[in-house]
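Presented sequentially are two complexes of chain A, the first with chain B as partner and the second with chain C.
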Partner chain A sequence: MRVKLDGDRVRNDRIRKVEEIADQSVYRCYQCGKCSAACPATPEMDMLPSQVIRYLQLGMDDKVFAANTPWICASCLQCMTVCPKGVDLARLMEAIRMLQLRKGQNQIEIRAFDRAYLERAPQIAMISAYRKFLSLS
Partner chain B sequence: MNRIGVFLCWCGSNIAGTVDVHRVIEEVRKLPEVAHAENYMYMCSDPGQDLVKAAIRDKNLTNLVVASCSPRMHENTFRKAAASVGLNPYLVEIANVREQCSWVHQQQKDVATRKAYNIIKATIEKVKRNAALEAIRVPVTKRALVVGAGIAGITAALDLADAGFETVVVEREAEIGGKLRRISRTFPYHEPADAILAPRAEALRDHPNVTLYTSSEVTAVGGYVGNFDVEVATDPGDGGPPETRTEKVGAIVVSTGYDLYPVENLGEYGGGRLPDVIDGLAFEGLLADSFRNGEPVRRPSDGRPVRDVVFIQCSGSRDPENHKPYCSRICCLYTNKQARLLRDRNPGCRAWVSFMDVRTDCKNTEEYCQQNIEERGIVYVRGRVSRVWQEGDRLRLWTADTLTGEKIELDADLVVLATAVVPAAGYAEVSSLLRAGVDANGFFQESHIKLRPVESSTRGVYLAGAGQYPKDITDTVAQAQATASKIQSLFANEELAQDPLVCRVDPDLCSACGICVPICPYGAREVDALAGFSRVNEALCEGCGACVAACPNKACQLKNDSMVQVVGEIEVFAAEEGEEDYTCAC
Partner chain C sequence: MNYTYFPGCTLYTKGKSFDDAGKAAGERLGFSLEELPSWTCCGATFPLAEDYDMALASPTRVLAHSRQRGDKLVTLCAVCHNVLKRTNHVMKTNDERRAKVTEFIEEPYDAGLEVLHYLEVLRDEIGFEAVAGKVQKNLSGLRVAPFYGCLLLRPKAEMAMDDPDAPSIFEDLLAALGAEPVDYPMKAECCGAFQVVHSDAMATRCSREIIASARGRGAELLVTACPLCQFNLEDRQAEMARGEQGFKGLPVLYFTELLDVALGGDPDRIDPDKHHTDPRPVLQARGL
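Coming up: the complex of A and B.
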């Protein structure tokens, strides 16, 4: 499907808010792709980490907010470590998650998982899940 | 009776690792007329050259064969060494036993040894008949002529004039300044182009050593390096016939500049059909208007201030299938600058750039571009626009963003095509008049891309500016100054020494048929009707041998490469090698 590139959507309020929360500029990124090359979690993502920034640059934040990528991101900071322009992508991911949680989206209820699953689940998954849980309160 | 000296170089193990250098020298010593033969580890080194010099002196050698690497490497080295002890340098020949022997037969030592011996023997056959030649000396007229008075020509002319040399400048337009006159401000400091051009143009017009011909063209060129006769025709501007005059100069600068590839050739973008689809220089004009009258940038069709402008880079460049295969080099930077200046002039407007890559190969320009993207809100969309059409009173474009994989539609008020840089109209005529070759795209060809970047294929004809290849003002000025320096080193000589390895004609054999005249790529042949034979202009002849091959009477011969010498070399091989094939070493 062809997307209309809209001058009014570029630098819209939600994108400004993401930048403000993360204290990062998305326009600093020149799309070299090193973050995507470094990220260990891309096989599970439906949008590359570099594309998250790219969509924000083009004013297509709706796509970013519909993607699973920010939720797969484990904040391991590989992306930030390798970035030649000093963009902290993990902070942008966190800001995207935060904005969704504030709207009551993407919440999870730890108690809804059965005990056997929780015992099987990797610790890192538990930690991220608790982050989300805690950010509710 | 010749007393021939043979010097075989080991080139470390390059030659000696494959060729049995001791056996070869033993055999060479047995050849008639060989008075001396020896080998050494590095003959080109100072001790090696000393061996050569000592042998020439001590053994009264009359001709030399140095068996070593390609003559391109060290022919000059050994000729100079011989000359330093009084032996005519043209009595020295190189036998190439490295590139043409040891390197290609590394697995076949016996074969390589025999071949090295035969190459040396054949070269001895040649050097026996070498003549002692003297360099051809021609006087130098210390005046220069510059064709084209853009910033390249102006810069070269001013440097030459400041160095004290009379300089003639020929400009076909009524005004000097070239394309710089059409540019508003320059990257990366936004200096007005006029602030760069005006003082230089004025200096040129006022310089006592400069003769400036505007509305003029070069119509004929004769002569050769140091001694050109250039006919200049000036349009008197009253409809009358052009006034012509002839200028005698020693060097010529080709600074004919560039044009932009016509937008009409880019049909898919509506070039030439849609009034709001324009090229980069036309947009410079809109920017200049905006700066002059203090108003926003307005579009051509209805004069409305523009809100959305799409800049399309690589319009006709990097498109080997349909347009030009090369990168035009300046468009990335001027497009970024134009988008930035537009954002300054039209608050609230949106600047979109369609790009494949952003190439910022000039000083401080990467930082400049990045800053404009980060802080000045220019949006870059990575993909080539596929089409542009009119939709109501706006333009609609289809493109893609390959970074996300999205197909994209955009609406714009104005589309600026950064069209390919092409050689200025008339380059072909200038090329043929000056015999300065051009490449497949019509850009003037430098003698060597790394080592002789401002010399054309014809000696005495030099290059500056975008006529050689697209370049920005910085690089143009640098190249023009390099050209002026090269010409100053030419003018530092009272006369020029030229290699005497040129063609000569036997007047008794020549029937003045004239076949040699059109075949000569250097214009060095001319039939002297009165004398009844075809002459060689030795200052122009490059010794290529085209006329030698073409002459039906065998009246042309190359000096020290005569037919007798070449056949003599072949006969040595034919006798020694017979039918055997040693070409395949691998």
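Coming up: the complex of A and C.
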């Protein structure tokens, strides 16, 4: 794949914000790919976890913010457990979600769940999902 | 021995059998779980955003109230345990965030509490040998797959419960009950967690791989410590069966249910209507 880098986009404000919220530097990553190998959710993702961090390094945050990957991440922490550089990628995923949720970009619709489902699903499933997929505003 | 106990949102309703059996087994082992008065929600997810102190308010309030009653807090739900233990770690290691959050909730908290999972109580306070000594119905020959999932073990430094790569706390408990713990590669994988509400396909696939992995290694039963894992691994079996010819289900129990049976509890307390795959035939086949 040919990628044209834009120097003005590297370390742009949004990427710095992601790093600040996550309390992680994307530049620690040296692209070994262990996170993508360990991640249990890649079949449903349209961008590998290691690619998310690579695009952030290259100033291509638009691609990352258009990807479903942060929304498929279940914060299971397999990635941070295997990372040889101590990057907590789940925190970067959370920051990418947060920046979207804080603009009101909700990912689920509470009213869409039917009664039968709500009667089966444990509270912890619903509350965790509300915390992860709904904005605070 | 009495422990302050945090039940959380699910244990008195959808996860009642987890709570009931945990309390009953505790009594048989000589300890009581005493509900923390006026508890609030733990928050259900630990905030991974460093600037999101607001999400620490609710779990910190739980910690502060528990601290007034003693120096230990016990949980059964793996989600509550993860959120409370990680929040406690923030309180112990980050004075600035602790000052900010405790000022906001208007409650002092000295970070002097120890958050324990029920499994840790059995291992570190009661001792698995003592548990083995109380077994009334030996689970001999029963091949049980312990399912850790993600929340009990990770992150290792904060949960400090077991090795995420090679955990043994569950296996050691099962062995103490006389059961045969099944070693299988997916035991500490993610079941899909809250994604079941958002990406149903992901949770179903992840859960199917876990069930197949345990089945492939000869498990007759799977046990978990998490109401979310229990739901995904159990409830998704209907969906798995639809997508795969010849799919063979696996009964999923809370570990306390099996513990209580081994300690002399009535297996009839296990409600088959709550399970996609009825666990009773497997237990009956072993004379339980």
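To be clear about the criterion, the second predicted complex is superposed on the first by the 114 of 137 C-alpha atoms of A that agree within 3 Å, B and C clash if a C-alpha of one lies under 4 Å from a C-alpha of the other, contacts with A are read in each partner's own complex, and residues count from 1 in each chain.
As a working rule, a residue touches a chain if its C-beta (ideal position, glycine included) is under 8 Å from a C-beta of that chain, and two chains touch if they have at least 3 such contacts.
Since we're looking at a predicted model, the values are computed, not measured.
In the superposition on chain A, A:58 contacts chain B only, with no contact to chain C. Looking at the shared chain after the overlay, A:122 reaches chain C, while chain B stays out of its contact range. When both complexes are overlaid on chain A, the residue A:27 reaches chain B alone and has no touch with chain C.
When the two structures are aligned on the shared chain, A:10 is found in touch with chain B, with no touch to chain C.
Annotation for chain A, partner touching more residues between chain B and chain C: C.
When the two structures are aligned on the shared chain, A:75 is found in touch with chain C, with no touch to chain B.
Look at A:94: by the touch rule set out above, it reaches chain C but stays clear of chain B.
When both complexes are overlaid on chain A, the residue A:37 reaches neither chain B nor chain C.
Of all residues in chain C, those touching chain A in their complex are 8-10, 13-15, 41, 43-45, 47-52, 55, 77, 79, 150, 154-156, 164-165, 189-190, 192-199, 201-202, 205-206, 209, 227-228, 230-231, 235.
By the touch criterion stated above, chain B contacts chain A in their complex at residues 307-308, 350, 352, 370, 373-375, 377, 379, 381-382, 398, 401, 403-404, 406-410.
In the complex of the two chains, the chain A residues touching chain B come out as 1-5, 7, 10-11, 25, 27-28, 30-31, 50-51, 54-55, 57-58, 60, 63. Contact residues on chain A toward chain C in their complex (touch as defined above): 20-23, 40-41, 43-44, 71-72, 74-78, 80-81, 88, 90-91, 93-95, 98, 107-108, 113, 120-129, 131-133.
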